[in-house]
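The next block holds one structure in the form of C-alpha cells; read it before the comments.
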Amino acid sequence: MHWLPSDVSTFGPSVDHVFRLILYIVGVWFIAAEGAIILFAFRFRRRPGHAAVHVAGENMRQLAWILVPALVVVFLDFGIDIAAGHAWEEIKLESPKPALNVSVTAERFAWIFDYPGPDGKYGTPDDYWSMAKLYVPVNQVVRVDMRSMDVIHSFAVPNLRLRQDVVPGRTISAWFEATKPGTYEIECTELCGSEHYRMQASLVVLSDSEYARWQHEHWSSIASKPSSSASAGVKQ
Amino acid sequence: MQEKSAHLVGAALDIRIWEWLVGLLIIGLMVFVMPIPKVVAIGLVFAAAVVKAVLVVRKYMHLAAEHWLLCVLAITPVVLIAGMAIALSPDIAFRQ
Amino acid sequence: MSQAAAQRKALQVAHLEELSFIRKYIFSTDHKTIAKQYLGISLFMAIVGGFTAYAIRWQLAWPSARIPGVGTITPDAYNTLVTMHGTIMVFFVAMPFLLGVFGNFCIPLMIGAGDMAFPRLNMLSVWTFLVGSLILLASFFVPGGAAAAGWTGYAPLSARPDLTPAVLGQDMWIVALALEFSSFLMGGVNFITTALNMRAPGMGLWRVPLLVWYEATASVLFLLSVGPLIGGAVMLLLDRLVGAGFFLPAKGGDPLLWEHLFWFFGHPEVYVVALPGFGIMLEILPVFSRKPIFAYRALVYCALTATGLSLIVWAHHMFISGMDPRLATPFTVTTILISVPFAVIVFAMIATLWGGSIRFDTPMLFALGGLTSFLLGGVTGIFLGSAATDIYLHGTYFVVAHFHYTLFPVTFFAGFAGLYYWYPKMFGRLMNETWGKVHFWLTMLAFQGVFMPLFFSGIAGTPRRVFAPNEYPLFKAIQPLQVHATIATVTLLLVQIPFVVNFFWSLRRGKRAEANPWLANTLEWCVPSPPPHANFAHTPRVRRWPYEYSVPGARLDWSPQTESGDTMLPAAGGQ
Amino acid sequence: MEAAPSIETVVQFGDGDSIREVPAPRLAVWLFLTSEIMVFGGLISCFILLRIAHGGWDAEAAHVHWRIGAFNTLVLLTSSLTMALACTSAKEGKEGMARRLRTYLGFTILLGLTFLGVKACEYSLEFAKGLTPGAGLFWAFYYTLTGLHSLHVLAGIILNSTLWIAAARADLVPVVQRRIEYAGLYWHFVDVVWIFLFPLVYLT
C-alpha cells in the first residue's frame, strides 16, 4: 500500500479503498491457496507405505470441497463489483458543477491547456493558453475537456488517481478536485510514437491567493498562440 | 412456406425454393421502388432477406435435417455478432 | 465398409510402406511430425522473443546505455522491440507451443486415432504459420524497421504510415498476423473435428482426457472470436494502403472501433492460450499424485463456462479508453465473474494433490510451478478487472506484471511440463531428470525475480511502454526495481541453456523410454515410444475413464484406459 | 468419413455421441462457415454502426447501380439453384447422374463467372466516376464488403471447377459425388452473404 503515490484528489480515497478491499480479499485467498498447495505437496509426498487415496470428487459430498469455496468467491466477487461500481460512478459518471473549465489539447508530444480567460468564453481574444503546465486552484472542481490532434493519448495524473484516454475525433471530459497545493506529474500513458515517454506536463495546484495572483498576472495579457493549438482552442 | 413444399422432394423442392427466393427478391425490389416511409421499407427489405437466408440455410444447406450441434454452430456466431454490435452501438453509432 | 475403416486401412498401408525423407520430415502429414515442426518454430521464435525482452529490460534498467550485443537504441527502436516482443510471444510462441505442439501431438493419440481428421489441412496449417513467422522476422530488416505501434496496434498510430517509421514493417505485421490467424483456423477446425469425430470405440465424451477437451474448447473459442479482427485487419491494411479511413477520424472513421475489434478477439486469445496450458497441468497432476483428477466433469464445464464468459468481457481492456462509461460496470461484473471457473479449476487441482502419493519428477515440478505462479497472475487480474482500480493501474507496470504472471506460467511452465512429460513419447528417450530439476528451480526463482518487482513499480504508477522510466521525477526513486527485474531477466534467459542442452543431448544420449515411462493411463502410453506412423496397429477399444489411479484392491496403482472394468461411476458412463 | 463403429457407441454412450454420425468433412465445413460468419458479420456490423453514426450516407448510396445489383442477386440465387440440383442428383445417384451433375455444376460455374463479370463492369463504372475505395467511408466499405465477397465467389468457382473436371473421369465420380455436398455448402453460404449485402449496400 505505501507504494501508492500520495493522493491529492477528492475521489482518490475511493479508489484506494477499492484497491485495499481487493488487496485484502485476494490476499487471503492467495495465501490460503499457496499454503494448501505447499502443505499438500509436502504432507502427501511419495513415502513408502503411504498409498494414495481413491477420491474422484464425483459425488456431491466431495464436490462440496471445491463448490462451497467457489460460491464464496462468487459472493466476494459481487462485493467487489459493488464497491468498484460506486467508485466508478463517483469518478466517471457523475461530474459536479465545475468552478474552472480547461480545454486540454494533446498533440504528439505535448499537452496544451487553454483557459477561457476572464470572460469565461473560448475563441475570444482574452483566452489564455499554457504549454505543459496546468494551473488549477486548490479545493475547486476543475473540468477538463480533452481533444487529440493526431493519435490516442492518455491523460494520467497518478497523484489524482485520474486517467483518461484522449481519442482523436471526440471531446472527452474528466473532472477532478485537488486537495493539496503543489506540483504533480501529468503523463501520457498511451503509446503515441517515438517521443511518447517525453510527453509529460505538470499539474500546478495553487492556493486561493496564489491562484488569484496567477490569474491577475496572466489572464489580462493577450497571449499569442501557435496556430495548431489556436485552432484547437478555438475550433470547438 | 415449409408446409407448402413439405410434400416436395429432390429437384422439385429445390426449384420450389428457388421460386420463393426470386419471389422474395422481387418483393424486396418493389418495396424499394415504392414511395413508402424509408424505415418501413428497410424493415420489409431486410425481413425478406432474412426469410431468403433462412430458406437457403434450411433447405439448400439441409440444416433443417441436421444434427443439433451444426445448428448451434450456425446460430452462435449470429448471436455473438448481434451482441457485439449492440455493445458497440453506444460508442460507434450513437456517440454524444 | 465405412470410410473410417477405409482410412484406417490406408493409414496402415502408409505405415508399412517406407516414406521418402521429404514426405516424412518436411512435407509430412503425420500429426506427430507436424507437432515437432511447430515445436521447432515456436522454440526458435521464443529465442527471438527472449532476445527482444533482454534488449527492452536492459534499456529500462540503464536507459540509453550500450546494450551488450545490440548497442544503443533509439526510442523508435524501443517501441519496435516492445511491439514485436508482444506479437511474437503471444501469437508466434504461446499459440504454436500450446496448440500447435501439444494439440497436434496429443489429440489423435489420446483419443485413439491414427492421425488428425484432415492430415493435409494440418500440413497446410503449419506451412502457413511458417510463412507468417518468416514475414514477421523479415519485417525487422526492411527499411523503417518492424511494426512500432504496440502489439495492440491501436489506430490511428497503426493506421497512418506517416506516424511511425515502420511503413512496410507495419503492413508486414498485419499480413503476418492474418496468416497466423488462418493457420490456427485450419488447425482449430482440425482439432475440433478430430476430437468429436475420430474417437476410438468406447471413447465416450466423458472418457475424453481433459487436455483434449481443453484444446478443443480453446479452438472453438478461437474460431468464434477471431473473425471480427480478421475483418479489422483488412480494414487496417486498407487504411494504410489506400487511405480508406475506417479508423481515421479525419475521414469519419473511429479509432475506438479498432480497439473493440481487437479486444473482442484479444481477450478470448488469453483463454485460447490459457486453456491448453491448464489442460497440460491437469493431465500431469493425477499421474504424479497417483490419484484420480478431482471433479473431472466440473473441470469440463469450467472450460466451457470460461469460454462462454470470455466472449463478453473484452471491454475491461477499455475502461478508460473513452468508451461509454455506462458500459464499465456490466463488463466489470462479467470480468470478475470469470474468476469463478478458474477458481474451481485451481481448487480442483489442489484437491487432486490432497491424499495423493506425489512424485516430484520434472513435469510435476513445472506443473506445480505453473499453478503457484499463475495464482498470483489470476488474483491480480481482479484489480484490473474492476473499473475503479483500473483507472489508476491501467497502462502501468502492474498490467505488465499481471499478464506476464498469467501468460508465462501457462506458456512456459505448463509448456515445459508438457515437454518433459511427452518428450519420451515424441522422441523415444527421456530427458535428464537432474538437469530438468535444475532448469525448473532456476527458472522458477528467476521468473519471480523478474515480475514481482514490476508489481510494485506498477502500484507506484510507472507507465509501461516508456523508453526511459527515469525521465519521470515521480519514479526516479524506484529505478532500482527496474534494475532488479533486468538482472533477473538476464538470469531467466541464461538458465534456459541447461534446457536447450538437455533437449538436444537427450535426443541422442537420453535414457531409452519404454512405452509407458510415467505409468499413466491415457491411450498414448499404450503404444511404443515413439509411436509408429499410424499410431495404433489396430484401433484400441476404450473401456475406462482416463484417471483411474490407486483403485482400491487393484494390483497396480494405474489402470490403462484399454483395460476392462470401470470403478469410476458415474464418470465412466456417457451421460 | 465417420469414425469407428458409430451406432454401437451411440447406443452405449448416449446422445452426446451421435455427433460421430456426422461426416467429419461436413462438421469441418460448418466450423469453417462459423468463423466466416464472424468475419463477414464483424465487417457488416462495423458498416451498419458507422453508417448510423454518419446519418445514413444517402448521398453516397445514391450512386450505386441497384439494378445491376438486383440482376447479380438473381444470377447468384439461380446459381444456388443449379448447385442444389447438382447436389440433389449426386445424392439420388440415378443413372446418368454424372452427366447431370456436370451440367448443373457447369451452369453454376458459368453463373458465378457472370456474377464476377458484372461486378467488374460495375467497379469500372464507379472508378470512372472517381468513386474509389479512398473516396470516402461508404465507398471504402462498399469495396471491402463486395470485394471480399467476390473473392469468396472466385474461390467457389475454382472449387467447383476442380470437381467439374474430376467428374469427367469415371473413376473419380464417386469422390465428386461425396465432395460436391461440401462445395455446395460453401457456395450457398456465399449466396447467403450476398442476400444480406445486396439490401445493405444497394437498397438502403
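By written order: A, B, C and D. Residues from 1 in each chain.
Rule of thumb we're sticking to: a contact is a pair of C-beta atoms (placed from the backbone, for glycine too) under 8 Å apart; a residue touches a chain by one contact, two chains touch by 3 or more.
What you are looking at is a predicted structure, and each value in this text was computed from that prediction instead of being measured.
With centres computed as the average of Cα coordinates, no chain lies farther from chain B than A.
Of the two chain pairs examined here, B-C and C-D, it is C-D that is joined by more C-beta pairs in contact. Computed from the mean C-alpha positions, the centre of chain A lies at a distance of 48 Å from the centre of chain D. Computed centre separation for the pair chain B/chain C is 39 angstrom, with centres defined by C-alpha atoms. Taking each chain's centre as the mean of its C-alpha atoms, chain A lies 31 Å from chain C. Shown for chain B are the residues in touch with two or more other chains, namely 69, 76-77, 80-81, 84, 88, 92, 95. In chain C, 196, 224, 227-228, 253-254, 256-257, 326 are the positions where the chain touches two or more neighbouring chains simultaneously.
Shared interface positions of chain D, defined as residues touching 2 or more other chains, are 19, 22, 27, 31, 34-35, 37-38, 41-42, 45-46, 49-50, 53.
Those residues of chain B whose C-beta lies close enough to touch chain D in the complex are 10-11, 14-15, 17-18, 21-22, 25, 28-29, 32, 42, 45-46, 48-49, 52-53, 56-57, 59-61, 66-67, 69-70, 73-74, 76-78, 80-81, 84-85, 88-89, 92-95. Looking at the complex, you find that chain D touches chain B at residues 18-19, 21-22, 26-27, 30-31, 33-35, 37-38, 41-42, 44-46, 48-50, 52-53, 66, 70, 73-74, 77-78, 80-81, 83-85, 88-89, 92, 184-185, 188-189, 191-192, 195-196, 198-199, 203-204. Interface residues of chain A facing chain C in the complex, by the touch rule stated above, are 3-5, 14-15, 18-19, 22-23, 25-27, 29-30, 33-34, 36-37, 40-41, 44-47, 50-58, 62-63, 65-67, 69-70, 73-74, 77-78, 80-81, 83-88, 91-93, 108, 150-152, 154, 156, 158, 161-170, 172, 185, 187, 189-198, 200. Residues of chain C touching chain A in their complex: 74-76, 79, 82, 149-150, 154, 156-157, 163-165, 249-250, 253-256, 289-298, 320-322, 325-326, 328-329, 332-333, 336-337, 339-340, 343-344, 346-348, 350-351, 353-360, 368, 371-372, 375-376, 379-380, 382-383, 386-389, 391-392, 394-396, 456, 459-461, 463-469, 471-474, 547, 549-552, 557, 567-571.
Residues 1-5, 8-9, 12-14, 16-17, 19-20, 22-25, 27-28, 31-32, 34-43, 45-46, 49-50, 53-54, 132-134, 136-137, 140-141, 144, 148 of chain D are the ones touching chain C in the complex.
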